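One structure is given here, and the rest of the page talks about it.
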Amino acid sequence: MSDRSKFPPVIDGKAQFDLDSGKYIKVWQGPQHPGVTGNMALELIISGDEVIDLTTHVGYLHRGFEKLMERRRYIQCFPIVCRICVPEPDTNEYLLAAAAEELAGIEIPEKAKWLRTLTLELSRLASFLMWIGGQSGAFGMGTVAQWAIAQRDFILDLFEELSGGRVYHMYIVPGGVRDDLPSGWDKHLEDVLVKTEKMLKEIEIVMFNNVIFKMRAQNLGIITPDMVDKFGIVGPNARAAGLARDLRKDEPYLIYDKLDFQVITRDFSDAYNRTYLRWQEMWQSIGLIRQIMAGMPAGNDYHYNLPNVLNWKIPHGETYVKAESTRGEYGFYMVSDGSGYPRRVYVRGPSYTHAMALLPHLAVNVNIADMAGLMVSLHTYPPEIER
Amino acid sequence: MDNKEINNTKLANEGLSEQDRPLFCDARPQSYKPLGKYVEKFLNWARANSLWILGYGTGCGAIELRPLMTARFDMFRWGLAPRPTPRQAGVFVIGGYMSVKTLKRVIRSYEQMQGPKFVIGLGSCTINGGMYWDSYNTINRLDHYLPVDIYITGCMPRPEALIAGFNKLKEMIKAGETDGQNEYARNFDWYKANQKKIVKDWNMPDYNW
Amino acid sequence: MEHGLFISIIYAFISLSVATIWGLLLGGIALKVVARAHGRFGPPVWQPIIDIIKNNARRTSISHGIMYFLGPVFRIAGGMGTFLFIPFIFGSSVFGNFSFAGDLFLVMYFIFFGQLGMALGAGESGHPYSAIGVARGLSQMTAFELPFALSVISLVIQYGTLNITSIVAAQQGGLLSWTLFTNPLATIAALISLQGMNMHNPFSIVIAPQEIPIGPPTEYHSNFLGLLQTNRGLFNIAKLALFMNLYFGGATNIAVMILKTFLLYMLTIFIGASFPRFRTEQSIRFFLGVPTVIGILAVIVIAYL
Amino acid sequence: MQEILNKLIDRYAIEPIQENRHNQAFVTIEKNRLPDVLTWLRDYEDYTHLAFITAVDYPEIEKIQLTYMLHNYILHTDLGLRVLLDRTRPEMVSIHHLWKQVATYQRELREMFGIDFPGSPGLQENFALEGWKDIPPMRRDFDTKEYSEKTYFPRPGRQTHDPKEYMKEKLYPSAKEDK
């Protein structure tokens, strides 16, 4: 728990410290810093080894997506939205499609829903693998990072076979998905899942049973349940604090109401438990993918025939759609004014509050050596903060 | 861009405050002459076989550098290695689109790198803006701000494309065709004018420190 | 040493070169081994040597003052000093180096010396990460010196000498006369502190690239970095030779030396590849705990039993 | 959902209401009543989660619309509160005391739309842009293409097609030949 009693007071959101007194050093972590995920900067004021104040600086990746979408037709928005979040692009594609479909009143075919869920879960698995690489790397465990990111590459291979793109898939389009599963894909998928399971078991041995990892990660960055609403914390960070909040269960979208799974919670949200919870969610994801493949409907009705998309006008309306990404509630707020271009698309990234409000709060009293680990354990991802 | 004679006037460092100005370097970058023919050839061979990449993921291109480091593609085989500090790194991989805020840091990092240094523009966004050609916050052409040795096209370029790019860069280094640092020194005023045109609050020294 | 000064200098030079090149190759092998643990092929074993050539050929335009330049010089002086007073190969005139009656103390001082010089140089570079790295490095060093010093005291009591050559000579009676078997407690304490001395995981907080990129040498580049890297090869081999001499019976020919240093180094590499890293205060607490107790026990057992 | 809307109508006499789905609704609220309504919703009606704050620009009616999206974790319902501000000098009451993340949202809105939130901490700091001198970029009358062409040295050779005509030409080349 952060204890500011021996530090300078905070007035108007700013800690009052005197750098000339020689008691404090200002250290920048980032933007050119290998421990920071993505391109963001942490401005740290440290006293000895202890962080006394942190300011998050973002905007290094600001591309003005929301402005760009205002001058693109709906169908032209699709290639750019997936670039908002690089490790997990499919959530963006799905949400833009879902928002446009809701406003246009389109009901997509059943098979398309299954295929969309499949890609969402696969990309969740890939994103978590990327993240566990960062988490172990932040504590100096390069071996696990190498294993996990190498394993993620096989999932990217599956995506490539499915959609033609390794990182950006552009597979989910309005009205459904682009194509059916290629033949033999299910076998490749099963191979990759088996390999991933094997690796996850090894990660448990190397990481969660390791006494040094426990020493570093336990009691680091504790999120108490009463903080969750105050800071707007969502996703695994909130679930580790014991709150069973998962949009897949609470407000089932696509076919999540037909799948059998339980919301995973832990009772104490520190870095160790958050890591463990995400590791469990990887297993859950693998189970869900298996369920989806088993229940995949036959036939090739995977796309609703849209009107001419180059002149596709969506009626006047306003909606907010959301989905559970690896980091929590990811949402698209779309306002349409009846023309062929969206009036406003707002992207609600879960990292926004985690990085901008929660991280400065948790960082106080933390050893500077643990900063990278703390930041990664919140799973912040800068491009969705500044879009 | 004409190759003018290098003028040795001091830099103004106008972005800095009065009392900070004496603390910073006001010398211009210098272009270097190669050493003797065979010595330079040997050194170029060593440079080509030990490329240290600056660990600065400036954009989404950084995500394909991670697989490049791991088992599947293993860039270490070619002597490529990531390096966390700009002083020790020799290759700057610009990972895709660059916002104005990042460009400012990229210029600082580039100027802190010690020569010979090479710049790889990764992705279409560095060539003509790519997907974000009409965005108000991303630059369109990287070569107006930094001397680029090699471009790798694509969005995203695959790791194989990156490896091909690095191998091409190696060939160029061995042949002595990478002259980015000298070009930057020769056309310093032109580059600075372009940089200052878009970086509005220039509160840093003009070159290095 | 029987021969004249000139010959001694030439021999020392040969010995230094061989040790440096073997040390750098050992570093390359270590990169390969770690890469195999990661599932990769890894760089070629001579990669460190290419890196050094390249680094020495790079240009520099930076100055942070005189101490900044002297830092790497002190570091390599420490490495050379450590090495030159350790008999590299027992009984060899070329690789015997300048062993004399009290060299064990001098070697232990030299292990400290390089780090202190580096700390001064890195401190003058003015980079906050350098300063943090130096603080971490020095505090961790004082911690791992304690079990090592206790272990050495135990050896000194056991063999009744401060001369490394005499200690090696006392271990020549076959496998069971090695310190490893005659004084296992001292060996264990020293091996734990070797992990810290080599700054491999879990004691790599000093150069942790994810936290403070990359610690003290943040500002060092081109020739300075080349010197530091050369020293890394040399200093590594010096430490390994010291441990080989003190605990594993020394080496009577070059093949045994290569085998023993290789195995000793691989031990630290394997531990390093499979652990995360301690925080500074955690690693200090660790060294002052079990390894120190083992060291004290080693002294007590040797002195009173 | 209907229950809370009825309560809102009773307490605050709010009109109009737009109900999207069974669990999502948008209501329009007067500017000065917003902190009151938000506090009541948060403390008594379990709308504890503030998903986001954002703005929509309507230059044709000279208004900027602010949207506050609340979520109820017990009923799983979304409630969007809309506030219409004057476009020439947009100013809104700051609610940074209600949720910790609000200060950042307000900082972003100040930068992107030029909306002022008096009293919000750190409001004048940069969020994503640095040294921005033009009109706030997310306003509808800011033309990003023109700005980009003016500022960033576009590489010559870019062609722009009307998508409709171009695709017709690409897909049915014979139709053109017939003409």
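Letters A, B, C and D mark the chains in the order given here, with residues in each chain numbered from 1 onward.
To be clear about the criterion, contacts are C-beta pairs under 8 Å (C-beta built on N, C-alpha and C of every residue); 3 or more make two chains touch, one makes a residue touch a chain.
Note that the structure is predicted; figures quoted are calculated from it, not measured.
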Between B-D and B-C, the pair with more C-beta contacts: B-C
Identity of the chain that, by mean CA position, is farthest from chain D: C
Centre-of-Cα separation between chain D and chain B, whole angstrom: 38
Geometric centre distance via CA averages, chain D-chain A, whole Å: 22
Intercentroid distance (Cα basis), chain D paired with chain C, Å: 61
Shared interface positions of chain B, touching two or more other chains: 55, 70-71, 84, 101, 134-138
For chain C, residues contacting two or more additional chains: 38-40, 209, 213
Set of chain A residues in contact with two or more other chains: 33-34, 59, 62, 64, 67-68, 71, 146-147, 150
Interchain contacts, given as pairs of chains that touch: A-B, A-C, A-D, B-C, B-D
Chain A-touching residues of chain C, taken from the complex the two chains share: 34, 37-40, 128-129, 131-132, 201-202, 204-205, 208-213, 273-282
Sites on chain D touched by chain A in the complex: 18, 20-21, 23-24, 26, 48-52, 54, 56-57, 67, 69, 73, 76, 78, 80, 99-101, 103-104, 121-122, 126-130, 137-138, 140, 142, 144-145, 163-164, 167
Of all residues in chain C, those that touch chain B in their complex: 31, 35, 38-44, 47, 50-51, 53-55, 57-62, 209, 213-214, 217-222, 225
List of chain B residues in touch with chain A within their complex: 54-60, 62-64, 66-67, 69-72, 82, 84, 86, 97, 99, 101-102, 105, 109, 131-132, 134-138, 155-156, 158
Of chain B, residues touching chain C in the complex: 27, 29-30, 32, 43, 46-47, 49-50, 55, 70-71, 74, 76-77, 79, 81, 84-85, 87-88, 90, 114-116, 208
